[in-house]
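Input: structures, listed below.
Next come two complexes, and both contain chain A; in the first it sits with chain B, in the second with chain C.
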Partner chain A sequence: MHVIFAIALLAIRNAVRSKIVLILLVALIAAITLIPLTVRGDGTLSGLFQIVLSYTLGFSAFILTLNALWAGNASVASEISDKTMQLVVTKPVSRWQVWMGKWLGLTVMNAALWAVCGAVTFGMLHAHLHLSRLTDPAHAQEAQRLLTARETRLAASPDFATLAQQRLEQEVSRAPLPEGVTPGQRLMEIEQRMRIDALTVNPGGSRRWEFPKVTAAELAEPFTLRYRFASSILGQGLVRGRWLIGTPGRTDLLDVTRDSVPRALNEIVFRLDQRWENQPLVITYVDMDSEGASILFDVDGGIALLVPRGGFTANFIRGWLIMFGRLAFFTALGVTAGCLFSLPVATVVSLFLMTMVQMGGYIQDVAQTPILLPGHAASPEEAMSLAAILVTLIFKGMAFLVSPLVQESILTHLAGGKLVDNLAVVRGLLIQGLIFSLLMSGMAAYAMNRRQLALPAS
Partner chain B sequence: MNAQPAILELNQVTKVFLDFWRRPQVAAVQDVSLEVKRGEIFGLLGPNGSGKSTTIKMILGLLFPSRGRIRVLGESPRHVQVKRRIGYLPEESYLYPYLTSEETLDFYGRLFDLETKERRQRIEQLLEMIGLQHTRRRAVGTFSKGMARRIGLAQALINDPDLIILDEPTSGLDPLGCRQVKDLILMLARRGKTILMTSHLLADVEDVCDRVAILYNGRVQALGAMDTLLEETTRYRMTLPVSTTRGHVDTLASHAHDLTGEAPLVDHPRRDLEQFFLDVVDKARRESTEASGVGQDQGPARYLAGPDSEPPPSPAGSAEERKQAIRQALNELLPPDRKP
Partner chain C sequence: MKRITHMLLIVAILGGLFAVGELNRRLVEDRRQHGITQADPLINAPPLVVFTTVALGGFRGMIADILWMRASRLQHEGKYFELVQLADWITKLEPRFTEVWAYHAWNLTYNISVLFSDPSDRWRWVRHGITLLRDEGLRYNPDEPRLLFELGWFFQHKIGANFDDAHLYYKQAWAREMQPLFPGGRPDFEGWSLDAERMAALRSTYHLNPERIRAIEIRHGPLDWRLPQAHAIYWATRSRDVGGDADVLAADRMIYQSMADAFRRGRLFSGADGHQFIPSPHLELLSYVMAAYDAALADARMEGTVLAAYQFFLRETVLLMYLYQRMPDARRAFARLKEIDPELGAQTDIMDFIFQTYTARGLDMNQDEAFAAVESALYQSLFWRQLGDAERAVGFEQLARLVWNRYMAPRLDRPDFRERTGLPPLETIRDRARQRLLQGE
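This part shows the complex of A and B:
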């Protein structure tokens, strides 16, 4: 371990004495304190939280991610090119120890910078909340809500695949499918229709969702129903609806009529009493719109129940830890690229890989495109070209590689008061920060052992 | 024949550099076979591009041979643990410019897993040895080439290595530094250390090396003991005692002419410029107390000199001792009736 610590200390000394740390520190603190002044918010505390967390802390995280990659690249690639590495590897030092020392040193440095970012941001948020409470006591309630972490619960969803299969079998038993329509196509149509129907409420109609049981401990704090929908009438301002909140035995214990804004996040805050203890929560929406609009709740979590699960500080620390795991991963990526390539090549490769990881969600979406071979498509037009098949396969491969690294935006979670759970922290630190980093260290050591460090070109 | 075990073995070693498409570009080393025994000082000579540095880098595992086999201390050069016993001074001092001289030695000491106390003692002794104890807090990046070279030499010795590989060890050093390095090399060899060195300064190699190999175009052109290679067995040289007069010399020359039929070459021997320079500097140093860039060296580090070593004599004392020894040797050459 002495060797690893010696190399780690060297990496930290390099960063500190080359003034990189100082410049980054000044730039990050300036960004955190100045960006909120330049972005126009909606005047609410919630809006301010969004700006400070999503914009400023997000910007800081982005800068530190770039630094993690670049510093990782340079820590090895530049030492190979200026030949200082030649002297190090003639000592009893394994290549994996070089990798580990560089990674450890840069990760400690990034952790320190990220801690400063977190502390300044946290301090700023609390200062704003304190000032708001002083200037307007009405803000106190909003501040209390913002300082609460809430777990997102979704309603139980039917098994659409099985239901669609059953519906298809019924249809086929009654009459054969129209010519040119394959059973697969018809199954997909039925399933999509069922999914849309489950989220659609027609004029005068209603839709019901059942959420998991409420525990006694959860009854102390208010619950929030958060929903987003689209109206069938384009440009409609407000849509009136009635929300009934109850239990399976009695669905209308609470009755709220509300005008909601289409395409925006709408929230209803309510308290539950002992009648809900250990009971599933049943929520019903009745469309009461006078203009006769049908509404379609968002497919992706269009209706969610937010349950209080702790304070903002603990949530903030959990979010900080997950993003620190991400930084450790990107440092590992940078050091590994630096071990494999010269500095310019390593920079390009690691930026490409960073983009791939950050766009993991998009890559996964593209990878879900079904490959329609000429013989299996319904029509020749639908069949994919060889190039399209190749691209889709590449995306499927990339989606497989990045799947453990895809995560929802932690800062959006924090800004929205969503709970960042402990499992996510373990996953972030263990999988991204440690396991992936160790895998990369093995890869880098293998490649470095086979690399001749004194070749004329290097 | 040296019965010591082989510390370094190169057997038919060839290194061909390839381009990006793996096509052969240049054969830097071709069929080189060498063997260096324990306690030997072996010189690798040759003009620029002859393959000296490539050979050294293969011995250190920084390059891999295209063909042939290399064993260093009985192991492959890529064996990590064998490097505990190797010290390496590269041709240019590849040091971290942002570290101070003390931090530099501390860093390399840590790579050898030296205990803190031992590491600190060695750093102190090495800084004294190279005369840079007053620059311990100065960044190496601000050093002159000669000072950086001294730090490079110190880092090569921090682990008290058995095999010391020195690529141009006297490059960038002043004559005083060169002499110190050569004295150090000789002292280390006496302690059983094996030294492999390259140098463009042939006088330096001649001063210290037991055996040399001369490379040209990547091939060994000459290999052998220094005395064997340089001795001219068809010619003779006679050294006369200092009491000899011009008349004695003329008589001897006349006899030689009568015997061989040719007039012998008679002239005055010249002093070694290096020794002359050292004497002048030594005298000036004794008369001046001001410190310059490189301080006065305190002789080799005690841990390098071995457990039984005496505290090192001062340079002034050693020069005087050397003179005394010469006077004594000359006196022994005088006839008994003329001794003082």
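This part shows the complex of A and C:
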């Protein structure tokens, strides 16, 4: 084990001596000190908090990712090219130990830097909140809200696929489908119709959602109801509605009438008491709009309940750990690329892979969308030329490869006060930080064993 | 020897740089003369902007695209906290691209503000748009007529008109902000020259030039500078001064429309509690508004659009002046109306015209007309009561109630509509009429 530690120490020493790493460190210091002083929020405490958090941590993570890739590439590739690697590999040290030592050393260095970034950001956020509370006591409540992590809960949803299948069977038993309409098309139509009906409220009508049981511990902090909808009247300013919040036994324990803005995210903050303890939360919306607008709640969940689940500090640490797992992965990627290629090639390959991983969500979206290449195709079927099929396959392949690495933006979660759960931490550290890194170490060791490292310069 | 060579090389490099600088200046001048440069180089720009426009070279377009896509996505997701920063960066990457400034200022002021239900939140975003254009956009494009016009438009339309549910809040917030600079709504030229702090606020914060304000006062009349119309006129005159033909046309339209608005609701009345801000007609502006319309009418290019607007304005004015017992002004407006409206017979009597206009528009009044109708009727009521004619006073009181009730009836069950276009309580309007009467208007 001490061999690995010795190589790790050497890797740290070499990285610290690298000019590029030093430049990146200067950029890192600039990022964590200057960004909070220069960014412009939207004029609210919450806006400033979110932008300082997401920009400072985001820039720091980006610079450290570049640092991890570059230092990883250089730690092996440049040592191979300047022959210093010969001093190591001629000793009784296996290739995987070399890889592991380099990765461990650089990961420890990145962990230290990432810890500094996290601590400075955390300190500055608290300083902002503290100062704002001193200057304006009205901000105290807002600060308290920002320092609470909230879990997003969606209402129980019917099994639309099964219901649609049942409806289709009923229809088919009564009469055959119209000519040209396949059962699959009809099933899709029925399911979409059901989903839309479940989210539509007509004038004077109402819609009800049931959320999971409320625990006693959750009653201490206020809940937030977040919703977004479209109005059937284009350009309508405000839509009046009544929100009834209760339990299955009594649905109108709380009665809130609110003018809400179509298309915008609307929020209602409310407190619950002992009457809700261990009871499902039932929320009913009654359309009271005087202009007779029908409303359609957002198809992505309709309404959501934000339930307080702990403090900001623990959430911040969890988010920090997940991002650290990502950093360890990129370090492994850098070291592996350095083992496989010369320094310039390793750098390009690492940057390409980093971009692909970071754009994983976008790649998955594209892979799920039929790709139509430019032309004069009259229908999607016609447009699926060989080239289009090939592009689709490439994207599907890339989407498959990056799928274990795709994750929701942790920064968005932290900035928005959304709970980062423990499972996500374990998954992030285990899959990205460990399993992928170990897989890469095996690949790199194999490649290094096959590679001749002491060739004379041409 | 080596040192001397190094020194010589350094001197050669410096000389080369100097020569390139000189050459570049001449090149820029030649490009300007031949009209092949879209924008002059930025002078005295902050380092960040110089860096983004020079050092990033062709990459700045790509970075701007990425930021633009991020802004669109965040806006769609309802995450607005970053949009001010992104708009700031995007515009700094393309500081001479006026469309970019106009788009982002418009987006903040119009598209995002309406996504909030609370008027104070909305106002914050309206302010962000105004600030972006006024403090940043005009800094890099000081003589750009399009940006000057857009800024005027925000005052004329977003704040001055009543299309936004929160327009009253905007007017009140702006009036509160302007009050220290324009006590009672009037320019304080003497006070400004003695108070460096206020002068600095006027020039540096709001970018208002006292000399231009004085010129506007002389040409367009005694405006209330706490109201948005005066500021719309200010920025329109600036756009007019630097713009081409099309800009001048647009600016002139903004000027006469804002003048007409200032006439209709250009007096600010603070309610009995001292906190309310209620705009009401500014009758002293009539001559100036007519002059503005006449000047626009004289411009052959505008005749088609301005004629209809002028006719409409005069029709309103005749009735308004009659209701406020200003018969000479009503007759003057009527005489001009007859000149420019051939459909109005030369023999038509002013009283017939007033009667027809009042009954025709009785149920179809806009907010300003309804306010003026109620206030003028209450004014008449108070006036005749003061003279001892109780019967007549009661008649006007009843008329005021009738108009108020008829106008408000369709709004009583629609709070949002009432909030946006409704009238203040009758008592509040009576206070205003009483104040007018006591001031001898």
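Please note the rule applied: the second predicted complex is superposed on the first by the 421 of 458 C-alpha atoms of A that agree within 3 Å, B and C clash if a C-alpha of one lies under 4 Å from a C-alpha of the other, contacts with A are read in each partner's own complex, and residues count from 1 in each chain.
Here is the rule we go by: contacts are C-beta pairs under 8 Å (C-beta built on N, C-alpha and C of every residue); 3 or more make two chains touch, one makes a residue touch a chain.
These figures come from a predicted structure and were not determined experimentally.
Peer 1: Just from the overlay, do chain B and chain C fit on chain A, or is there a clash?
Peer 2: fit
Peer 1: For the combined three-chain view, what is the angle at the C-alpha centre of chain A formed with the C-alpha centres of chain B and chain C, to the nearest 10°?
Peer 2: 120
Peer 1: Tell me which partner A:116 touches in the superposition: chain B (first), chain C (second), both or neither.
Peer 2: A:116: touches no partner chain.
Peer 1: Once chain A of both complexes is superposed, is A:3 in touch with chain B (first), chain C (second), both, or neither?
Peer 2: First partner only, chain B.
Peer 1: In the superposed arrangement, which partner chain does A:88 touch: chain B (first), chain C (second), both, or neither?
Peer 2: The first partner, chain B, only.
Peer 1: Of the two partner chains, chain B (first) and chain C (second), which one does A:240 touch, if any: first, second, both, or neither?
Peer 2: second
Peer 1: Output check: A:44 vs chain B and chain C. Expected answer is one of first, second, both, neither. What do you get?
Peer 2: second
Peer 1: Contact-wise, after the overlay, does A:453 reach chain B, chain C, both or neither (first, second, both, neither)?
Peer 2: first
Peer 1: First (chain B), second (chain C), both or neither: which does A:14 touch?
Peer 2: The first partner, chain B, only.
Peer 1: Between chain B and chain C, what is the shortest CA distance in the superposition, whole Å?
Peer 2: Once the two complexes are overlaid, chain B and chain C approach no closer than 23 Å between C-alpha atoms.
Peer 1: For chain A, give the residues common to its interface with chain B and its interface with chain C.
Peer 2: Overlap of chain B and chain C footprints on chain A: empty.
Peer 1: Which residues of chain A touch chain B once you look at their complex with the stated criterion?
Peer 2: Those in contact with chain B are residues 2-3, 5-6, 9-10, 13-14, 17-18, 82-84, 86-94, 449, 452-456.
Peer 1: Which of the residues in chain C come into contact with chain A in the complex?
Peer 2: Its residues touching chain A are 78-85, 88, 114-117, 124-125, 127-128, 164-165, 413-417, 420.
Peer 1: Considering the complex alone, what residue numbers of chain B touch chain A?
Peer 2: Going through chain B, the ones touching chain A are 17, 57, 60-64, 78, 80-81, 83-84, 86, 88, 90, 92, 94-96, 98-99, 103, 107-108, 110-113, 155, 159.
Peer 1: Mind pulling up the chain A residues that touch chain C in the complex?
Peer 2: Checking each residue of chain A against chain C gives 39-44, 46-48, 50-51, 54-55, 228, 237-238, 240, 258-261, 263-266, 290-291, 412, 415-416.
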